[in-house]
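Note that the chains are named A, B, C, D, E, F, G and H in the order they appear, and that numbering of residues resets to 1 at the start of each chain.
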Amino acid sequence: MPIAFVCVTTEPASMAEVLKALKAVEEVEEAEMVYGIYDIIAKVKGDSIASLRKIIIERIRKIDKVMATTTMMVVKSE
Amino acid sequence: MPIAFVCVTTEPASMAEVLKALKAVEEVEEAEMVYGIYDIIAKVKGDSIASLRKIIIERIRKIDKVMATTTMMVVKSE
Amino acid sequence: MPIAFVCVTTEPASMAEVLKALKAVEEVEEAEMVYGIYDIIAKVKGDSIASLRKIIIERIRKIDKVMATTTMMVVKSE
Amino acid sequence: MPIAFVCVTTEPASMAEVLKALKAVEEVEEAEMVYGIYDIIAKVKGDSIASLRKIIIERIRKIDKVMATTTMMVVKSE
Amino acid sequence: MPIAFVCVTTEPASMAEVLKALKAVEEVEEAEMVYGIYDIIAKVKGDSIASLRKIIIERIRKIDKVMATTTMMVVKSE
Amino acid sequence: MPIAFVCVTTEPASMAEVLKALKAVEEVEEAEMVYGIYDIIAKVKGDSIASLRKIIIERIRKIDKVMATTTMMVVKSE
Amino acid sequence: MPIAFVCVTTEPASMAEVLKALKAVEEVEEAEMVYGIYDIIAKVKGDSIASLRKIIIERIRKIDKVMATTTMMVVKSE
Amino acid sequence: MPIAFVCVTTEPASMAEVLKALKAVEEVEEAEMVYGIYDIIAKVKGDSIASLRKIIIERIRKIDKVMATTTMMVVKSE
């Protein structure tokens, strides 16, 4: 199953709100606030590359107060 | 013919819309959504350095919902 | 006592105003405007990891005209 | 339990080898090769902030062929 | 005389306008649009460190449509 | 067919040599030296995600004088 | 008195050693290991801009196992 | 006449040496040590795009102790 880590930058005052919205997305397996250059790291799973794309582009990136995302696709190892 | 790769960051919710606008620019030979630190990579060709500048600065950068661009000019090899 | 360096990017015209607001936060031990990729570096101390989190996320990041922050937690050495 | 995401850059030819070494560290709960600006993301858990520090600085950063690491500490939410 | 290179990021559609405003600042010795991660590089000279600070923070950063600046102070060599 | 843009940083004196080696890889459809934060951009095609992974990790990253790579996977649009 | 924050990246296995060497430099008022994109932040004071330059370029940057430094000069506020 | 700003990162202990070598290149109009994410900024002029390429790739990047360069081509304004 395709997996991606999505690093999210939020409007500075809205981390908690974005975190909550991310956790409400069923395919977001895990989402954590972090200290560093990104504000939140989310681990996302899709049934296929196509569904993963949909979740990231049509749902995560459209969450209000998300300013930018950087997606790191997991390299399938076998 | 001068060529450049233009890496585009869009407003998070507007990737598809910006991609469409980029593809409508005749000199944009190719434009692809990508996962990573940029949202879209476009390959642009101009008749001259001057026309390439015009396309990037006066057309691509003025597309609505484009937040930032990073241009990598191709090094002519001969 | 947990310590963090918080690197702040402000709206370009509002550095002095944000600096003043940062200095008004009791737990901000030091705050300096700097030249470079960030605009202000602040050193913040909390009674606990939990209180440090509160200061950064609920106070510093909510200061008006703060555009982004990057937090570097100090590694406790003993 | 304190948690961190450690983003690892390896010597270009040695990703698989570093991944294997990371997975052999007991406290590394998960480690994945990724496409993007980092080569591997590892999720690390420690009994305490002190033990987490030890794992990252004395074990992960000392793995052969690791070129650089960027650590993002998870913000404890309660 | 203290010198700095100020790398400027502008709103995408407003490079020409910001360039013009920069060139109107007397202490800006040179300003050039560039391709790359910044949009404009300006070389600024001040009578003193204090006056250089004033030009950068109170004039350049306050130009309309400037989104961010990164200042690189020249290291005096003697 | 899965596609990726691979941005390559080479040892400073070895760009031409790495470019030549990249062009010798059959799946590298295009490779160009560029001015900017990366040295070479290569467009790579694989029969499958698995074969693309192989080309990037086992061939491109193992080219001598390659210092680092950043891979941007193209988002399949349908 | 001119002040700078020097962000230091060390060889991954040598943070503790570099930290010790930094702390041995008299003008280094404070040096802390941090989690994030840099490994150590040092605060340095010089009698003059010229002496600060000497400390950074001729002493800190010459410490063994230092891979890179990014210096952020503090903007004098009066 | 084509112009580029070349931002140079040197081995930490070798800034002065690289600066001297850069200044010995006839087409390097100006070269300055700077504080920030790069170590030296050089302004380079060539008779043509082709000769500029030669200077950057075959001379500047081949200077001993240069670790990386980022080139920003000046956008010709007329």
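We adopt the following convention: contacts are C-beta pairs under 8 Å (C-beta built on N, C-alpha and C of every residue); 3 or more make two chains touch, one makes a residue touch a chain.
Remember, it's a predicted structure, so these values are computed and weren't measured experimentally.
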Chain hops separating subunit H from subunit B, counting only touching neighbours: 1
Chain hops separating subunit F from subunit C, counting only touching neighbours: 2
Chain pair, B-D or D-F, that carries the greater number of C-beta contacts: D-F
Inter-chain centre distance, subunit B versus subunit C - centres from mean C-alpha coordinates, in Å: 36
For subunit C paired with subunit G, centre-to-centre distance based on mean C-alpha positions, whole Å: 20
Centroid distance [mean C-alpha coordinates] between subunit H and subunit G, Å: 25
For subunit H, residues that touch 2 or more chains besides their own: 33, 35-37, 57, 70-73, 75
Contact graph of the chains (line, ring, star, complete, other): other
Contact set on subunit C toward subunit H in their complex: 35-37
Residues on subunit G engaged by subunit D in the complex (per definition of touch): 9, 12-13, 15-16, 33, 35-37, 67
Subunit C - residues contacting subunit A, complex: 4, 56-57, 61-62, 66-73
Touch list for subunit H against partner subunit B, complex: 49-50, 53, 57, 73, 75-76
Residues of subunit F defined as touching subunit B within the complex: 3, 5, 32-38, 41, 70-75, 77
